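In the two complexes that follow, chain A is the common piece, with chain B as its partner first and chain C second.
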Partner chain A sequence: MAPKNSKVTRNPNLIPGIGKYSRSQMYHKKGLWAIKAKNGGQFPHHEKKAKPETTSEKPPKFYPADDVKKPLVNKRKPKPTKLRTSITPGTVLIILTGRFKGKRVVFLKQLPSGLLLITGPFKINGVPLRRVNQSYVIATSTKVDISGVDVNKLDDKYFGKKAEKKKKKGEGEFFEAEKEDKNVLPQEKKDDQKLVDASLIQSIEAVPDLKAYLAARFSLKSGMKPHELVF
Partner chain B sequence: MPFKRYVEIGRVALVNYGKDYGRLVVIVDVIDQNRALVDAPDMVRTQMNFKRLSLTDIKIDIKRVPKKKTLIKAMQEADVQGKWEKSSWGRKLIVQKKRASLNDFDRFKLMLAKIKRGGIIRQELAKLKKEAASS
Partner chain C sequence: MVKGRQGERVRLYVRGTVLGYKRSKSNQYPNTSLIQIEGLNTKEDVAWYCGKRMAYIYKAKVKKNGTHYRCIWGKVIRPHGNSGVVRAKFKSNLPPKSMGAKVRVFMYPSNI
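Presenting the complex of A and B:
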């Protein structure tokens, strides 16, 4: 039989706990008489399926003194933060905090952690591929064409801190060993930056003044009221 | 200093307070000392206190409480909208609205244009100064 999308009860509630129809009326409504008749006077009875032989479990060696409470099962899967409707791929954002405050950058995509992936582009305003929180950003209504950009390989792991290799504790060499260069950006990341920015810069240069706009920082001037400004 | 703009039937006014702020309306009747019956093509005819109205220079020729169709026809014949948009008051309001709706990018482009204009003016001024100094 085709499954019904909504379950309609044959016995509507007059009050929760009291149905409209009596037990014998329900017997008739459910058609149990017809099922019995089809089966020759008896209600169809199916033999219980034989359970497969399981090896008998040994009684445990240890019982805890007090009953151990089992924690309730939690099937919650965290979702990435809800993205503001004004932020779509290609939107120009104004960063409000951090060393790039005031910079206007291009939004690429939202990462699974909820953070926004942005890029300056680096050649235009010095902002690299970076993650930024939605709360510290103003979304403008200016959009850049982002169709030529491939950001599939960039995710949270790409930006996370690299796990440090365990250092052996040699006493004399302790301070020298610390001086390894940790601050050099790997060439691979520089190449990724160039790749992402190449097509972006082309679509930016297609719009007059947009390059200069992204290169300039935003600041509040005298007389500007943020709550009245249209961004 | 006599009054130049009178409350009369057909006087076009600007609503300066309330739900219809910024709308151009026509006074179609006077109710009492404080209130007028006011009408506009896209609005239900309502009463308004005179304090909510700012009278304009524009006046149209209608009889007391005309039908909506007659009102619209009279407004089009007198070209109220056109006269308003050409008047300095009307133009000021349009500019204010435009400035308020500017995007962040638009404001940036405006700044560039202002700088460019200032540069051209300064060049011309320098040229004129030089001519004045040399002559």
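Presenting the complex of A and C:
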């Protein structure tokens, strides 16, 4: 049989020490009846190979005081957050919190992590391609035509933090190395932004006043009651 | 805080006033505060605000985290009575000096 990449046990643990299946159920699962049938009613038996002489191993210096229990395997995969029905690709969203609070922004797609991918577009209101959580956003009923935008290569990994940290140990280099490499946005990200925004901006300019709408920020004014507003 | 924008103050919260603690005639229960949110007049209006987070912001003499302003976070739990008053629970109980002070009721976690 070809070696499996992941070891799947036939008898999963309910509690450490207690398997899910009984002895007789395991006999059936392992197919011992089939092996016996192939071998004429008896389990195949071969002579033990002579063990080559190994140098005697030293007994370990340290034995743990208590038995260390193996934790149960957790195979649960959380599903991505359910997208509100009011949020569809091309919806204009209002960001409620963070650096860009109050900004009206275009929704592109939901990423596999559940976060929403949005863009300003950058030229219009300074919001770059960004991820945002659904709970911190209000969906308006304004939609933008998003058919010309290709968002396939944008993924959660694209937005993840870069894990490059080389530890240099040299006093003279310390101060220089710290000053370099602080938040320099790589050129490819700027190009991706321009690519995505190009067709978006065209569809935005086709609608009267939409550009100014996206450029302006949302704010609550005196007498505005959010529970009565229709977004 | 980035000071890129000059003077663009957006208010994305509703103003609220702390009325006091949840109480009966002669006993009060400081773990829950009563908040009067601007513009809310009936129990039915409050349903939109249930679960929304709020912040009680106050100033102190000593700078913490680079600022004199401090904050206690909390959220709207349920309506209180028929006239739009709301019960709120905070991460730590509100101090008595907060009675009559302003509280910011945000619009998130949003459900619109």
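Rule of thumb we're sticking to: the second predicted complex is superposed on the first by the 155 of 231 C-alpha atoms of A that agree within 3 Å, B and C clash if a C-alpha of one lies under 4 Å from a C-alpha of the other, contacts with A are read in each partner's own complex, and residues count from 1 in each chain.
The rule is short, and it goes like this: a residue touches a chain if its C-beta (ideal position, glycine included) is under 8 Å from a C-beta of that chain, and two chains touch if they have at least 3 such contacts.
All figures in this text were calculated on a predicted structure; none of them were measured in a lab.
Enquirer: Will chain C clash with chain B on chain A after the two structures are superposed, or do they fit?
Expert: Once chain A is superposed (C-alpha atoms), there is room for both chain B and chain C without a clash.
Enquirer: Just checking: does A:213 make contact with chain B only, chain C only, both, or neither of them? Give me first, second, both or neither.
Expert: The answer is first: A:213 touches chain B but not chain C.
Enquirer: Check whether chain B or chain C contacts more residues of chain A in the superposed model.
Expert: After superposition, C is the partner touching more of chain A.
Enquirer: When the two structures are overlaid on chain A, which partner does A:136 contact: first (chain B), second (chain C), both, or neither?
Expert: After superposition on chain A, A:136 lies in contact with chain C alone.
Enquirer: For A:101, using the defined touch cut-off, is the partner it touches chain B, chain C, both, or neither? Pick first, second, both or neither.
Expert: second
Enquirer: In the overlaid three-chain picture, which partner chain does A:84 touch, first (chain B) or second (chain C), both, or neither?
Expert: second
Enquirer: Between chain B (first) and chain C (second), which, if any, makes contact with A:227: first, second, both or neither?
Expert: After superposition on chain A, A:227 lies in contact with chain C alone.
Enquirer: Would you sort A:92 into first (chain B), second (chain C), both or neither based on which partner it touches?
Expert: In the superposition, A:92 contacts chain B only.
Enquirer: Taking the superposition as given, tell me the minimum C-alpha spacing from chain B to chain C, whole angstrom.
Expert: 13
Enquirer: What residues on chain A does chain C touch that chain B touches too?
Expert: Residues common to the chain A contacts of chain C and of chain B are 218, 228, 231, listed in rising order.
Enquirer: Under the touch definition given earlier, write down the residues of chain A that touch chain B in their complex.
Expert: Result: residues 92, 94, 104, 140-142, 209-210, 212-213, 216, 218, 228-231 of chain A touch chain B.
Enquirer: In the complex of these two chains, what residues of chain A are touching chain C?
Expert: 84, 86, 96-97, 99, 101-102, 134-139, 217-221, 223, 225-228, 231
Enquirer: What residues of chain C sit close enough to touch chain A in their complex?
Expert: For this pair, the touching residues of chain C are 2, 8-14, 38-40, 45, 47-49, 106-112.
Enquirer: Can you list the residues on chain B that touch chain A in the complex?
Expert: 100-105, 108-109, 112
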